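Here the chain labels run A, B and C in written order, and each chain numbers its own residues starting at 1.
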């Protein structure tokens, strides 16, 4: 199982260069049945990553470019009147897929965003009173431009909570950039990637995440992190219990990608940033990442007397 | 109107239970209307709590209070004094329950409740009431805890449990204070009357009076012997002597003009000639014992012949008795040393001789003439006495609890007609005979015998052991004891009243057994004697722990008793209690302890710190091990092994598998702990 | 430095040295004070009365009873102390409010020890007491109201923690500074002219324009919706009462602008901005904010409103 996952990470790495950790996090997110938000400027390889993941994990893949004139129906689908049968027939929107790349999600109006996010949360869509389950697995990889860009609707905090992780790919290193420039088109490479993980294997891996051991000591550590985030005046509001559960799930998945069947504190520390930063606001107005770092530093890994 | 304070339901249960329990002992001593008053107020209070009734209006409460005051005044004739005060206290306390509008009222009621139950100890101090008071304390304290716990969803049982913890924790200091706090003499005198004057000896005796006493099985006193008690036939507990005879009644008396110094000596006044003479003649077998006397409301004390005591407030009387300074209102314990022989008073003062020879001018002629005839025949006083006693033994005299009534010349009537009597009949007629021939004689009243408690060394002397016998003064021998009853019924002296009555085939025997309840179940009897033993120890050790006993305890503790040392002892005791409580507190306030692996983490952490490697506590075990390896590649195997073991212990086990504390380490755990320690040391050594 | 000092000020300074401000304070013997309550004194008086009674009647059991009461009092000292000892007070979250009204601060109580803490009363000076109990090794949170007299960070006074459990005979207390503050938004002051400019400059002129250009759909009517946005056509088609939904094109959004308010003191400016911010939020208009040192792009929604209010509240504060 771990071998397959490692191969998958390696495979994706051949197209998304020099982003090993982010790829492993993205895979962890997928394994933890969470949705992923990628925040980056356009052209940083977000789409490539999505393509590559879809290929390697043998998933159906759709891409939706969000715009401000988009309506919920454009994502969820509509019922169309069929003159032949004289009945309304549902026409599925792009959401009915296994991996949905929601590009520039913050360009859409809050209403459209909300429609997608609700579907993500409930893993089902209700159209004209008919509820239909989304495919299994279902994984949304949304990308977002930095909020400061003009013409965007920032995702409200309550919606952000529905993404398990938020990642930022960032600029490639100089060496990787060189490699990037000298190679062929990454996106077409991604399309040509060979599947590594079958759908069954993916489902099994998702199952395996739940069986990764989290000892009392570790849960205690997570609890202390949560408590401190709520009390110390670093953040406007502390981490929610949902965030705590997400943290544990992400840490389990990360442990699995590392080939372990139990979670260690370092797993929690690695996933803490991606899992919590988009859910928090630093109280002093500074960067959330700094505040998260402060949180990590303030909580001892092992209980003190 | 402000919201009325509602006692939390869980506290209310204890408050009411405590109130009922605290009032209950006062029902026995208080007036008959008190229970009615208490029950009414408490039922009212319960209905208020249930929401069926309102708290009474101010005017109603005032009327009830006035009623209680009037009732007290009616019963006692006064509002002053402890008895009336206690009744008023119980009434106001119960009224306070109906005046609970604020939290403050609840507090006051509970503090009053402590007071109410404390006053129950004024009238009784036995073991039973003490245990009862202890139980009430637990309940009242539970109520106090309850009103400090405003949450609604609390079980009342928890409060009782907590209250018992508090009460038990208060015990050690209480016991310590009991033993060492100096007993100060009373600041002022407050006599307290007690109800239910018991049967007992009186200061005069007429035929039929002692036998009526014998119908009671009530306890007179207990005796605790140091060493073996004397055999039954030597257990003559002298209480008082009757020297005055008016023809029917014998009374205690001294000449009117005699100064007290001539016949009584308190411990500080022992330099009197007559006392010194008595003291010089300490002859015979010595017995050392302590008597715990039930209240008699009389001053005389009981003891074996020639009793000596150094106890404060107890005088030695010239007729070899002990007399208390005040009437005995509470249980009194006194330690006595007795010498079995009477002091050989060579000389008897004239007044005493004259006093003990006095007889009415006339009456009982037959007896007088018979005695005088025997005296002339006998030739000596001793021979006369032998003759008289053998007459009692040989003639048809009977011993009975229910002797026929005597008429006319009582002694003649008894000696020559009825010939059936109790001890007082025999003692009275024998003393009369002695006096009529010029031998000074007196009657001694007290108890004879006593039953040995099978559990302890102590004797129980009951009212039915009451007895009367005779003492005669013989030149050169002094006062001598003679018991004519023993001639008639020897079983009385050796085996007790029941045996004597049975031997005499007296029909009153059955009635006596019923009354006294001797023929009980053996198991019950065992239980009763065990109870009695506990009671006896309680009275001896606690109730009568007085200045002298305290001196003894302090002497044992300190060697030399001085105020400075007592102060130091009290200080040390308080210090020990404070330290113990502090320790307990510290023990309970410890943080949840670390696991062995957590301790190991911190050991490595400190080890690395000592080596000068900067560490911070947000580094996990993995990071620490890496750090070590980074500083010295050679430590890598040890670091790897350490990390593996650490992860196995801390993170590989499932959440449910191990609890953090309170579980004994398995042998595997212990092995791993040792290994972990070894790898850590190796790792640190290599850096 | 004042030579003559009021005892109160002296006490405050002493307390500050003894229990320095911290966001997390564990109560221990250094930080807990204990004195008998009035009932405690009454209780001792009863003990003393019984002692005198015991002496006068030479009644050992009465004496023992008075010793018991004294002993119980002594035990109560330890238990009352223990009840407070070992609890950690932590500054928790806050609920902001407008200046002049009240906000709330969260205090978290964590028990690290083996015994619980029953009946703790928490109180800021002058505010309402709150009672809380913490079980052993558990935690509890309490929200306490705090008055907000001025805009900006309002630091809470020392928090008084008190307990009289178990017997009410003693009061153990501590006074801790949790270095805790609550944010006060500016007090909204109504003004006629909206200090805002949109993409089209003239938009700024009409103060309460609906300004909703793009018809976006309908949704069922919710009480409170403006009558002007009711979709009368659907009512005519007997589809019930519906409300029209509009989506604003980005050009129609407003910028609340500090510089548009001239000749007012800063607090007044903030108050007016605040009022308009609330007004625009209520009428579902996206809005942005321009302050001398900050700029927040226009958006709409509760989170956005919160963020804007926070920015106004913190304006000029470090």
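Rule of thumb we're sticking to: a contact is a pair of C-beta atoms (placed from the backbone, for glycine too) under 8 Å apart; a residue touches a chain by one contact, two chains touch by 3 or more.
Source: prediction; values computed, not measured.
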With centres defined as CA means, the chain nearest the overall centre is C
Of A-B and B-C, the pair with more C-beta contacts is B-C
Per the C-alpha centroid definition, the whole-Å distance linking subunit A and subunit C comes out as 35
Dist(centroid_CA(subunit A), centroid_CA(subunit B)) in Å evaluates to 82
CA centroids of subunit B and subunit C: separation to the nearest Å works out as 61
Among all residues of subunit C, those touching at least two other chains are none
Touching at least 2 other chains, the residues of subunit B are 591
Listed in rising order, the residues of subunit B that touch subunit A in the complex are 591, 593-595, 598, 601-602, 616-623, 647, 650-655, 657-660
The answer for subunit A against subunit C in the complex is residues 68, 71, 109-111, 147-148, 150-154, 156-158, 227, 230-233, 236-238, 281, 285
Per the touch rule, the subunit C residues reaching subunit A in their complex are 23-24, 90-93, 108, 110, 139, 179-180, 216-217, 245, 247, 249-250, 297, 299-304, 307, 310, 314
Residue positions on subunit A within touch of subunit B in the complex are 213-219, 261-266, 269, 296-305
Within the complex, subunit C is touched by subunit B residues 104, 107-108, 111, 114-115, 118, 121-122, 125, 130, 133, 137, 141, 144-145, 147-151, 162, 166-167, 169-174, 177-178, 181, 183-190, 192, 330, 542-546, 577, 581-582, 584-585, 588-592
